[in-house]
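Handing you a structure now.
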Amino acid sequence: MQTATTEVPVRYAETDQMGVVYHANYLVYMELGRTALIESLGCDYVAMEDAGVVSPVLEVQIKYRKPLRYGEAARIKTWIEKYDGLRVVYGYEILNPRGELCATATSVNVCVDKKTFMPVAMKRSFPDWHRVYEQAKKG
Amino acid sequence: MQTATTEVPVRYAETDQMGVVYHANYLVYMELGRTALIESLGCDYVAMEDAGVVSPVLEVQIKYRKPLRYGEAARIKTWIEKYDGLRVVYGYEILNPRGELCATATSVNVCVDKKTFMPVAMKRSFPDWHRVYEQAKKG
Amino acid sequence: MQTATTEVPVRYAETDQMGVVYHANYLVYMELGRTALIESLGCDYVAMEDAGVVSPVLEVQIKYRKPLRYGEAARIKTWIEKYDGLRVVYGYEILNPRGELCATATSVNVCVDKKTFMPVAMKRSFPDWHRVYEQAKKG
Amino acid sequence: MQTATTEVPVRYAETDQMGVVYHANYLVYMELGRTALIESLGCDYVAMEDAGVVSPVLEVQIKYRKPLRYGEAARIKTWIEKYDGLRVVYGYEILNPRGELCATATSVNVCVDKKTFMPVAMKRSFPDWHRVYEQAKKG
């Protein structure tokens, strides 16, 4: 299993009046983790969109354990939890600078045609992605 | 079981280059639904924060079924799925103007002290909230 | 001169750890004001985009006078300050529920082709918009 | 005059359905530029907030020249345009990876007491900041 780690300093804009990172912004962090993983696998998401395919999120599950604060950087670990040629389940851990777990999450992504939002099988349409996802996945 | 329904026109700022509402913004819609429910129950969240207590989200589960687009209004239905005096599980359905289900979700919220983030029992500290939550909850 | 007024309750997501609305979100409020004005003039922005034209912001000037807080609704007044057939200067006032001025702003918008981002003259391509903008403008 | 330069990859979340970075997000980029400048000057904004002082934005002026797109990184140059012991005028240029100017902007910041939002003179309350701002400013 291949894991990507990326560091994202908390932005002031991401805090709310509780004095911590607003919870919806963790989904943006997850996307940054996914982006880092995709790049580390040598895949090119911009090229996928240029080919008329986008990859929407179908499901998110997230548990918040500790708040992240301005002045800290989020450390985001991302891996491929499951992959079946069509759907990808990504796994995530988000940690603070002291190494404490702030959130754990999974998301499910698919590929769809940009115009119709009809499913596109990664296995058939993006065989290069398929190959590296097969090799990098956990299970 | 009491359900609140609120309509939220999609903002241009909420779309992304897929041409649909960016998935993290559904968590903001969920919060607006929660706010509408809390108001319909006669509770006052601003007063809770003035009393030094905030109510962070502990968990989110969301399934995206159909994209929402600019020019549409999201119809958000929110209810109390479970409540045990400490944790609240809210349930959500988000529909488009044609009545089609765009997302289903749950979130878990608790009350914590604003300074320490230590749990505060709603049952003890906010007995008025407790009473209406007991009456309004589904299960 | 025609002015549109719209009320926007502050969202928790829009606050930051200063305990007030994060300053960049006023530009979203301005867009909501612009949308309300365009609707009140009987124009249809979604139809404009369907015709392959988008209307980006070229300039923003904003002065922040008083903070807006969660629990308040922003009252946004919007009008057409200037219009010359190509560029629109919108004017804005954002007030709190006590009628106090929280921000004053202007923005400059144009129409461009969605693919090339080359300017499109509203006067020629959208004569209906042109006519109502001529009538509604201040100067 | 001292200038800080920082690179910020465009996030998918920052795009809108025009296929470019949503205009309000440039104010977030400006804040990241300001943060980079403050760090390069050896000042500590988190410590300032810990001392009960926050630094809201009083004014923004921005001109958008070219759109930024997903797949690009924004290069943000930030400097102190003016400083008088109380108000700071920051200047900004935002460029795309081809070195083309995408936006020019200024913002005015002050320091205020976190509770009362009453002005705090940087010169008196933060003499270390004052000294480096005097040395780093353009005019």
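Read from first to last, the chains carry the letters A, B, C and D; within each, the first residue is number 1.
Here is the rule we use: contacts are C-beta pairs under 8 Å (C-beta built on N, C-alpha and C of every residue); 3 or more make two chains touch, one makes a residue touch a chain.
None of these values were measured; they are calculated from a predicted model.
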item	value
From chain B, the most remote chain by mean C-alpha position	D
Selected interface, B-C versus C-D, where C-beta contact pairs are more numerous	C-D
Where chain B and chain D are represented by their mean Cα positions, the distance between them in whole Å	34
Rounded Å distance between chain C and chain D, as computed from the means of their C-alpha atoms	24
Approximate Å spacing (C-alpha centroids) for the pair chain B, chain C	29
For chain A, residues that touch 2 or more chains besides their own	12-13, 17-20, 24, 28, 31, 49, 70
Chain contact graph, described as a line, ring, star, complete graph or other shape	complete
Chain A partner contacts - residues on chain C that touch it in the complex	12-13, 15-20, 22, 24, 70
Of all residues in chain D, those that touch chain A in their complex	11-13, 28, 31-32, 35, 46, 49, 70-71
Residue ranges of chain C touching chain D (in the complex, touch as defined)	17-20, 23-25, 27-28, 31, 49, 54, 56-64, 67, 114, 117
